[in-house]
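Look for chain A in each of the two complexes below; its partner is chain B in the first and chain C in the second.
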Partner chain A sequence: MIKLFIRYINLMVITIFALVLLSFMLPFFFPGDLLTNISGITPQSLEQRQALEKAFALNESIFVQFQVYLSNLFAGDWGVSSVSQLNLYDEIAYAFPATLELMLYALFVATFVGIPVGFLSGLKHHNPADMGVVTFSIVGYSFPVFWLALVFITLFCLQLEWLPMSGRIDLLFEVKHITGFVFIDIILSDLNNTKEAIENAFRHAILPTLSISIVTTCLFIRFTRRSIMDVMQKGYIIAAKSRGFTQWQIFIKHSFKNALIPILPILALQISTLVTNAMIVETIFSWPGIGNWLIQAIYQQDYPAIRAGMLVVALFVLTLTITLEFITRAIDPTKDETARAAV
Partner chain B sequence: MSGKGGLLHERINSMTICGDRGFNIGNFGDCTSRFMRYLCRVLCAIFLLAGCGKQSNINDDAITFCSESNPTYFNPQLDTSSTTADASAHQLYDRLLEFNPTDGRIERGLASSWLVSNDGLTYTFQLQRDVAFHQTDYFTPTRTFNADDVIFSINRWRLASHPYHEVNGGNYPYFDSLGLDKTIKDVKRINGYRVEITLYTPDSSFLANLATDFSVILSQEYAQNLLEIGTPSKIDYYPIGTGPFKFSVYKQNQYIRYIRHPDYFLPTTGAEHLIFDITPKPSLRMAKLITGECDAIAFTSQSDLAVISERDDLTLLEKPGLNIGFWAFNTSKAPFDDPKVRRALVLAVDKTSLLEAVFLGQATRAKSLIPSASWAYQSDAPELGYNPVRARELLDEAGLPDSFTMDIWAMPVQRAYNPNAMKMAQLIKSYLNEIGITLNIISYDWNIFRENLTLGMHDSVLIGWNADNGDPDNFYRPLLTCDAIPSGTNRAMWCNKDFDALVQQALLTDNFEKRKQIYKQANELLFAQMPLMPIAHAYQYQALRSDITGMEINPFGGIGFDNVERMP
Partner chain C sequence: MQRFDLYQEEYHASPLENVWIEFKRSHLAVVGLIFIIIFLLITVLVPIVAPYNPDLQNTNALLLPPAWEASGSVSHLLGTDALGRDVFSRLLYGIRVTLGSSLFIVFVAMIIGVGVGALAGLLSGVRSSIVNHLFDSIMSIPTLLIAIIVVAIMGTGLYNSMFAITLALIPQFIHQTRSFVKEELSKDYVLLDKLDGASSVRIFFTSILPGMFELIVIQATIALSIAILDISALGFLSLGAQNPTIELGQMLSQSLNTAYVAPWLIALPGLVIFMMVLSVNIVGEGLRSALRNRFKH
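== the complex of A and B ==
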């Protein structure tokens, strides 16, 4: 167990180091003035330029520069946006929770719809309902996320006029930015119409969540269905059956857990897809998250922002993937078997 | 390897059996329906909460305007972009004088009356009393508006030695482009509510200039406070004015919030809250207007106009605009410094097709700079027609090679004077292709686009101009005089002493006929030199939801929300 932990930590540290190194090198490849690319400030005078050069150690060797970059990074001093001159750390701290929020909604829907439906469909496989689920999941899985989002907007926002199409909450509600998660912020904001605000935020969340979660849900359905079908053929299920357990008891005691184990790592891998999909959907629904923010930064040629934003997203995906992989490995009882080692 | 093979084998076996055993699992029936019930309940809850039908109005006392871009500052003195003017000029500030949006006459604003001396050199303004400045969480005024605020606001852009002149760039494009800093001799305080402005030379457009979006009145007391704390630059980001709304929050790329100024000196009926929802995509703005997320939108696409007129829940206001869309050549760069080349480029493009394809007939053809809505319009102004053969001849005369590459910058935002610069650029590209010119189309983010234009990095650009007042000087001077190059409104970077002299001469007289004659000469000069190709004068549109009242198109500048409200 400790060996496993050390192995994962090692993997993580090396990858993070590589990422940080890459982000350090980016400004050297961007066009324009290196100093502006790094600091986000266009120096107005020679003194200012010299002061900035000194602050970023631009006249020193590349190693010293990297050291300065690292210490700034850890101190939370990520520079300023070259367009708005706003502090990037604050900007990212503002945008990132929104993405996380959207991702969590989608994950929630995918888990609580995808896994139960997958179980049912696997247990009742080859009957018409199962066929329906399989067909639906293939179709759903094949939709490009951005296309789905646009179809939803056309249908539910423009034709039926049921749901709003942009943002997290109507701008009429003055929700303060406290945690960055809109529902928590609504409660903390002490509005006089909290109930309406929550309802409004909920309505805003429906379409973006659906657009992202349909693909993931379909994947979850397919994995779970396959897995439970495999488990139901195992010898211990037949043994349990012969001992006179009801199907329900068998499901709870034996098949449920055993079916989950092989799918957990696959589900964990979906997290990174979920993040990317969330970032795509954000731009369509004007969701004020990191994806939307990065697209703006790219469009405005805001190099310091692109660098910091990319680093944060990459770090997030990396940390999440490795942690989840570690957890699934740690709780998997078959981890020492040669069969797993071969996978 | 053997382990893997075993697994695979087992899987194949299980797959073959499962068909036969399917019936066994029938016992799960109960649980199936339980799950189904659970699912149904969740779905019902979602749809109940979502509610069918139209979005309810949470706050009837708020107006949401979907604007197209981020303002650069909250002070229009520093920027001529209409985005900045929309977000600040008529929301946060007042001017000494105002235009009547219907007939363009000058009316009183913060000045209750004014007097012009017989020689046209001295202007005396009597100021309104008891005009309160905004009280916000970053500033509490201790006094009302008086002469000091007028002097501060004018001197900030006029005097290079003023402590606030260099704050936030020290660039005042509107005033610089008109050379107003050189026209004004002195701004004097007669008493607390009387100000005297003296000029060096008579200027028949001076009063009109004081009524433009850019001549806003700032708070001298606030500026003094900021200077004492050592954060003068805040003045243009955390604005204080006397306008009908006060600034609350600005989140870049997302929104701007305003709250009604409770002590506004004029009676208004508008909403308590005003929100600018920054939505750069025109299609998204239109969609949000339909869903009711926006009450009014900036810059409607020409192709959406028909949709808006057809729908009962949307209204379209319309007015002939005081604007011009043009294609400017960077005359400071070879080969565009040669009038022959510029004339050739103009000859090569069929203006009629641009008007049809881009404006969909919602514009009039531009012959010179001035639209027909202005008194100075010259109906018989000379114009170059479409003649690609002559164009090629001119290029050969100018000694250009058979094939040649140039850039065209197409502005990334929509404006009335050019609703789709990208499409126009593509059309021009195909025309120029016929005379052997390869055109590269270039576009950036709007703020960066204009910055780079001011630096003169372009070969040619599709852009235009919205008049800030009804005076023809407001077209000729900012667009093509030498002074307007550094201030960044002369996109052709064209400097011609004869032209400047004509424009100056036109201001010395109040006689409309005489001025018209002078502008006619200027038009002839422009026709010969062709620093830019005039394309169109567009109609101005304002799309809004039908339950909104009090909205008016202001042909002389930014949008105002003083009296805009939702009908009960």
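== the complex of A and C ==
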């Protein structure tokens, strides 16, 4: 166990180091002036240029430059955006929780709808209801997310006018930015109409969450269904049946836990799909998250912002994936490294 | 064992024929296959099939609705866009670019991925561990992020977005191949080859690769549906195909300006992408269950 832990910590450190190294190298590949790519400031005079070059140690060897980059990174000094001249660390701290929030909603829906439905249809497989679920899930994960979001907008916002189209909350509510999570911020910012604000934020969240979660939910349904079907054919289930346990007892004691084990690593793989989908949907619903921010940065060729945003998103995804993988291995020590569940 | 045979010859279907027999049993999968064949035919025969030149502007009929609407016209089956171009022809050309580039991407990713995966599977010890963990880590970086970095360095365009998606698809092939090779290497028939003095390259090509064919095909169908979705998503975000190129996602994003007056311009390209991905997924699913059940009868 401790050996395993050390191995994963080791893996994590190496991966993080590789990412930081990559983000250090990126400005050298971006088109344009290297100094602007690194600092985000276009120098107006020779003195300013020399001062900046000195600050980023551009005349020193590449190792000294890396050292300076590392110390800046850990000090929270990530440079400024070359378009807005705002501090990147603050910008990302503002945008990232919004994305996290959206992903959490989608994961919540996917877990609490997808896994139970998958279990039910897997336990009663090949009856009409199960066929319906299978068909629905195949259709569901074939939707292009951006199209689904647009269809929702035309249907629920333009035609029926039930739900708001963009943003996280109406601008009328003066919610302060404290944690970045809109519901917590509403409660913390002590408004006189907290109830309306929460309702408003909830209505804003419905459509983006739905657009992302349909795909993830359908994948969860399929994995869970397959997994429980495989488990139910195992010898220990037949043994339990022959001892006279009821279906329900077997499910609670044996098949439920065993079916969940192969789902976890797949969940880890789905995180990157979820992030991609969340980033696309953000741009459609003008959700003020990191995806929207990064896409705007690329339209405006804001290279310092791309570098910082890429580092943060990649670090987040990798840390989560490696942690989930570690948990999987820790739960199930018999598991071979290469074994993964089938669809 | 001697058995009583009424007929002299007893026919045993080959494994591939077994797969087809099992695949045919699911009607839905066959329908999906027919759809894929239609899409492939469109990709190849577009200049013959399309009724109009996709760039031809008919200024007398701007934003014409589809033919089944009251104000529609049969001469433009699915209507026209804001510049008076025939939507049906543009959709057909869009299918060509989206599906064609996706197929190409999957093919390239498959060749590279299987090659590197085989190498990683045959390696052992520290080197293998480094290669494995490296690619597993890359696998979890979101496609859109890779695409953003590639676009930032090389600029927008269809070819650059294809490059980014290929990079994102390769690790999955590597992972599958590597774990399959690792598993097979511990089996007895490989040991037999080793005792005969076969080199590891020879073991891979003559013993392991033929058995891996199905795994690769299944992985390729999964990769194809991902590639179609990603190509059109990047086109939609205007990071992929640019204006003169007709690509389904990019068509969708251009019709956003006229979304109020012409909602069908948004509905149709998305519907075509959805149909393509759905038929690929259905065929992949049918193939998977056929492979699973083919020796049961």
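Everything that follows uses one rule, which is that the second predicted complex is superposed on the first by the 334 of 343 C-alpha atoms of A that agree within 3 Å, B and C clash if a C-alpha of one lies under 4 Å from a C-alpha of the other, contacts with A are read in each partner's own complex, and residues count from 1 in each chain.
Here, a contact is a pair of C-beta atoms (placed from the backbone, for glycine too) under 8 Å apart; a residue touches a chain by one contact, two chains touch by 3 or more.
These figures come from a predicted structure and were not determined experimentally.
Applying the stated contact rule after C-alpha superposition, one finds that A:A268 touches chain C and leaves chain B untouched.
When both complexes are overlaid on chain A, the residue A:S166 reaches chain B alone and has no touch with chain C. After overlaying the two complexes on the shared chain, residue contacts for A:A314 are found with chain C alone; chain B is out of touch. Looking at the shared chain after the overlay, A:L123 reaches chain B, while chain C stays out of its contact range. With both structures placed on the common chain, the touch criterion links A:E60 to neither chain B nor chain C. Once chain A of one complex is fitted onto chain A of the other, the partner contacts of A:L26 are limited to chain C, with no touch recorded for chain B. After overlaying the two complexes on the shared chain, residue contacts for A:E174 are found with chain B alone; chain C is out of touch.
Within the superposed three-chain model, A:W147 lies in touch with chain C and out of touch with chain B [touch as defined at top].
The residues of chain A shared by its contacts with chain B and with chain C are 158, 299, 301, 338-339, 342. Residues 11, 14-15, 18, 26, 29-31, 138-139, 141-147, 150-151, 154, 158, 268-269, 271-273, 275-276, 279-280, 283, 291, 294-295, 298-299, 301, 303, 306, 310, 313-314, 317-318, 321-322, 338-340, 342-343 of chain A touch chain C in their complex. In the complex of the two chains, the chain A residues touching chain B come out as 83-84, 86, 112-113, 116-117, 120, 123-127, 153, 157-158, 161-167, 170-174, 193, 196-197, 199-200, 202-203, 206, 229-230, 232-233, 246-248, 251, 286, 288, 292-293, 296, 299-301, 337-339, 342.
Chain B makes touch with chain A in their complex at residues 1, 3-4, 7, 10-11, 13-14, 17-19, 21-22, 24-25, 27-28, 30-32, 35, 38-39, 42, 46, 49-56, 58-59, 62, 64, 70, 252-255, 257, 273, 275, 277, 279, 284, 287-288, 290-293, 444-445, 447-448. Those residues of chain C lying in contact with chain A across their complex are 133-134, 137, 139-145, 148-149, 151-153, 155, 178-179, 182-183, 225, 229, 232-233, 236-239, 249, 252, 256, 259-260, 263, 266-267, 269-271, 273-274, 277-278, 281-282, 285, 288.
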